[in-house]
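Take a look at the structure set out below.
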């Protein structure tokens, strides 16, 4: 049995613009083995896979450290298509299927069987005609190998989601020299039964000698199908283990586990909160990629309420939905007043403000001066910084007042810029984030939603942003609902943290709760992914604890 | 393989160009003067008939009395001509068929007497017109 | 120096620099081919005043992110209706001009609202649809000009036919009513239509002022980033309609100003291609598909009209041929093409 | 998938064919009004089908490749006209003249098509408006060439073609030597009707080509790109190159289409013929029930017949109805532009709705 492993990645490291995202990652994979790759968002899984596939983004940002060995030979792909030629297939998280094509056409996309005709001599190979019977034969073979029930003639748009996923995998199987298959969250969109079929198919493929790297947040699936697992955290290998020697709880701990000490001090025990300020009942939000299905919770006056969870589970949808940015339903109360959803202006006028996670897309007017960015929302919703001319007929923009107030915020938040007239696009990410915060503060909100406030900014700026939030909370009594992918950040600043999984709140914990608890809630391990974790009840339990 | 294919392509291109040249020569329309006048070629004189009917390539005939000159169009490099000699009452007394080639714009006059007299080519120098 | 020049060219874009130099060389060459510079300048000024407001009409829609208003003929039609009705009512002088405006503006607002509502349903495809909305409205009005019950003898076909003439003279009604206000005649050739400039300046001021109000600011934000605007509680669709209405109203005013200087009302297919010179002019002035300012309007109109005036006279005397039409086509469409295919550059 | 009831099926049919149905109804009203005889109309339609179908067919391939209506087809028309001008000058007549014109025009069309494709690759998402403006721009260059270059840079011997000033091509060129050369290549007459069989055969051949082309690898790639550029690119299909090829094919075909069109008419309007070619072809295709993203061969023929039926009938109908033929003439112009505007708007609107629906479907069962 002493053969060279199919794939070895040795001492892999990668920096993006001085930001280390991977350090000294090594592992190996035998023929026919399934490796489970787990880790939080941002743990480095995607970067690792990008390196394996030679995605252009890696080369453009200065390459990587270490080596990749396939069948004992060092390889370095310049392009994902090279990786495909070498026998490595990738099943994406998002479907990359042509909607109007049948399963067969998609499985054989750009690898169609063709027949010769004489025009080829003049105009090149692409004028060969398609050999449909042979194509059908090949696709049926691939589908049979996978062992799923899939109509090869069915058009993608008419397929249930699961079948789309099968099509995608069958496409990789059809490649003649397929040795290694990377499956990135293939079960995320599948129903329980479909996922089971897929897992069976994976086992079959493994038995035929195809190795796989399986990325999933559903730890039970990893336990079911993988031979071994690799846990990444902050770009490092935390643990490599045989699946049968470990447990879901243990893996969850490895994934999120961190030092506890520093967070404890940040929370003085004597925080006193007022009456409930925000009441959310059975909220659903139709935000693409962050769907909220059924969420209920309460936030008290003066509290900093954290919302955490893995990407794509719906934590971002909550703030966006309450602020009216995406179609939403359910009941939301601010104090005693009901909030009409789907109307951003109403939410703003009611005294709420929002710092969007999509800084460049939603948060900023990139082409306009910083001043405009800071005052715009306040000006439009509260007529601030305007002068009434002609007896109130015309509301003139008061550029002087705007400059003055912008200067205040620029100084207070230490926004590094030439002047308030500078365009927002010219600022660094951290400073742009501060502009977004200033915009929200300028509205003087009772309740502030902050989404991913530290995403993509450097460490110094991170601390400043968090301190600013804390100060605003302490000095002005602003209630804050903060959504973040970084559990650590939530635990350092929040008074309570709700964890969202599959569009529902799976539990609300105090920041001092042990990390494994958070990890289990995130992975939906308690409710087995069915999301029975009724938000309301969880909410109440925690209140009793306090 | 690539060479074979490129060779094929170049060959096709050449064929196309040749075909184009063929189209040009065979499809080109020429204006021709039809003459029924006395003419002298290489020292030999040819006399016109009193009334003739000339038809090129089986087309519409032109009627020319002695000393007449008319103009018509012919297409391509090679032509057939049918000349009918008429008597005063308009009956055909003699029919003559012949072939000739277009030789260029300088010789764009068709001389019926020359053809009937058996000259080497009926195409003669076109009169200088200003 | 070299760096500066490079920076300037990059800022202005090659086509603009080339066209600017071209115009300059035309003015320099003019005396050598015995074209009077003062007459040319006078012509340029008049045409500048005539077309300025039509170019200004591009600004609101560009600012609100609706793109280039190829649907300008819609507003022009409102203006035509105003002008024709004013003549029908036989009002002359300033009264006639104001009546034309008074009728045209509400009509334009009405058309603009409908047009804006349509454009809101076709976000992303505005320009192509705007073009054809403009075209089909012109064709529709062709039928209307034949059918509408106008009776003024100056306007209908003389010989027993019904329907309006293709060109209607405004002489005796409000010819040069703005142009001649405070106008200057310097020497034999140089004529400055001061009144028209004042009116154009006033319109520019109104536009500028509007962009400095709360609503104007919101409109700019909608164009700059609609998501941002929505998150700040702005009704994006409403703002877009407002911008379309403004643009349409300005087009209506613009055509009436154009007519009082030109002397004729051109009906039927007259307004058909009117959007293109206006679009080309503002782009020539430095506007992009997303951003435009008063400066762009003024510079662009001047450059574009300058070329239109100078090419026939100078090039014709130089080459003894009339190439002005071809040059107009190449320059105006080349400019639009350049703007459409320019990759959006993100500077950091 | 649930089964559809007959009623639903009929409803679906009516909705998806609304445009042709409206036109059929309009014609049904207008034909009796116009007072034209059936024979006249049939003869007229036979001629116009031959005249226009090829031009309209040339629009199909870019639609398959997801590039919308190729307003840049006028580029091809211009290339075809340049070929015809040269061939007229050389006095090559008949079918040979047409073939030679096509051979000369082809490289020009390929060049222009390449330029057009490359420009459109820089303007993804607004191909239509860009190709439209490009048409105008190239028209300027065409005029520059034909009005100033021909007779100066390109020697033109035939004095009948040249303007009196010594260079530049005249406004109207008589193509008598080539008139109907293709139409009546195979002379067949049915009763009193002239049937341009030669052209029909060419069109049929071309339809076969389209059917065959859709089954080639290249055709398949174009369909894939048309539906999702990103996915197609990720699968290794050279997106930009394929898009350029689609436009080149369309341009070359439009060039042949214009040659066929002009041989039928018999005179060429040097500076206007191509202008209208694009607009009429696009309007006809849309009237036939095609959309910006989907066009079939039946759409082409239905569209050509309906559009030209309206075209022929409306002036007379206008005269009978309103007492003015002018009304009818303006009406058909209005309809041509209006139908394009409506089709484009409906398509854009539908796309917006689809996007919303796709987003909603992501939510799944709540």
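Before moving on, here are some points about what is shown:
Order of writing sets the chain letters: A, B, C and D. Residues in each chain are counted from 1.
By definition in this document, a contact is a pair of C-beta atoms (placed from the backbone, for glycine too) under 8 Å apart; a residue touches a chain by one contact, two chains touch by 3 or more.
Just so we're clear, the structure is a prediction, and the values are computed from it rather than from any experiment.
Centrality annotation: D (chain centre taken as mean Cα position, compared with the mean over all protein Cα atoms).
The greatest centre-to-centre gap from chain C, using C-alpha centroids, is found for B. Between A-D and B-D, more C-beta contact pairs are found at A-D. In whole angstrom, the spacing between the mean C-alpha positions of chain A and chain D is 47.
One simple way to say how far apart two chains are is to compare their mean CA positions; for chain B and chain D this gives 42 Å. Separating the centre of chain C from that of chain D, both taken as means of CA atoms, is a distance of 32 Å.
Mean C-alpha position of chain B lies 62 Å from that of chain C.
With touch defined as above, chain B holds no residue shared between interfaces to two or more other chains. By the contact rule set out at the top, the touching chain pairs are A-B, A-C, A-D, B-D, C-D. By the touch rule above, chain A contacts chain B in their complex via residues 121-122, 124. Residues 1, 212, 215-218, 220-221, 223-224, 227-228, 230-232, 234-237, 359-360, 362-364, 366 of chain D are the ones touching chain A in the complex. Residue ranges of chain D in contact with chain B, taken from their complex: 90-97, 99-100, 103-104, 177.
For chain C in complex with chain A, the touching residues are 209, 212-218, 220-221, 224-225, 227-228, 230-235, 290-291, 346-348.
Residues 80-81, 84, 96-101, 105, 109-110, 112, 114, 125-130, 158, 284, 286, 288-289, 291, 293-294, 327, 503 of chain A touch chain D in their complex.
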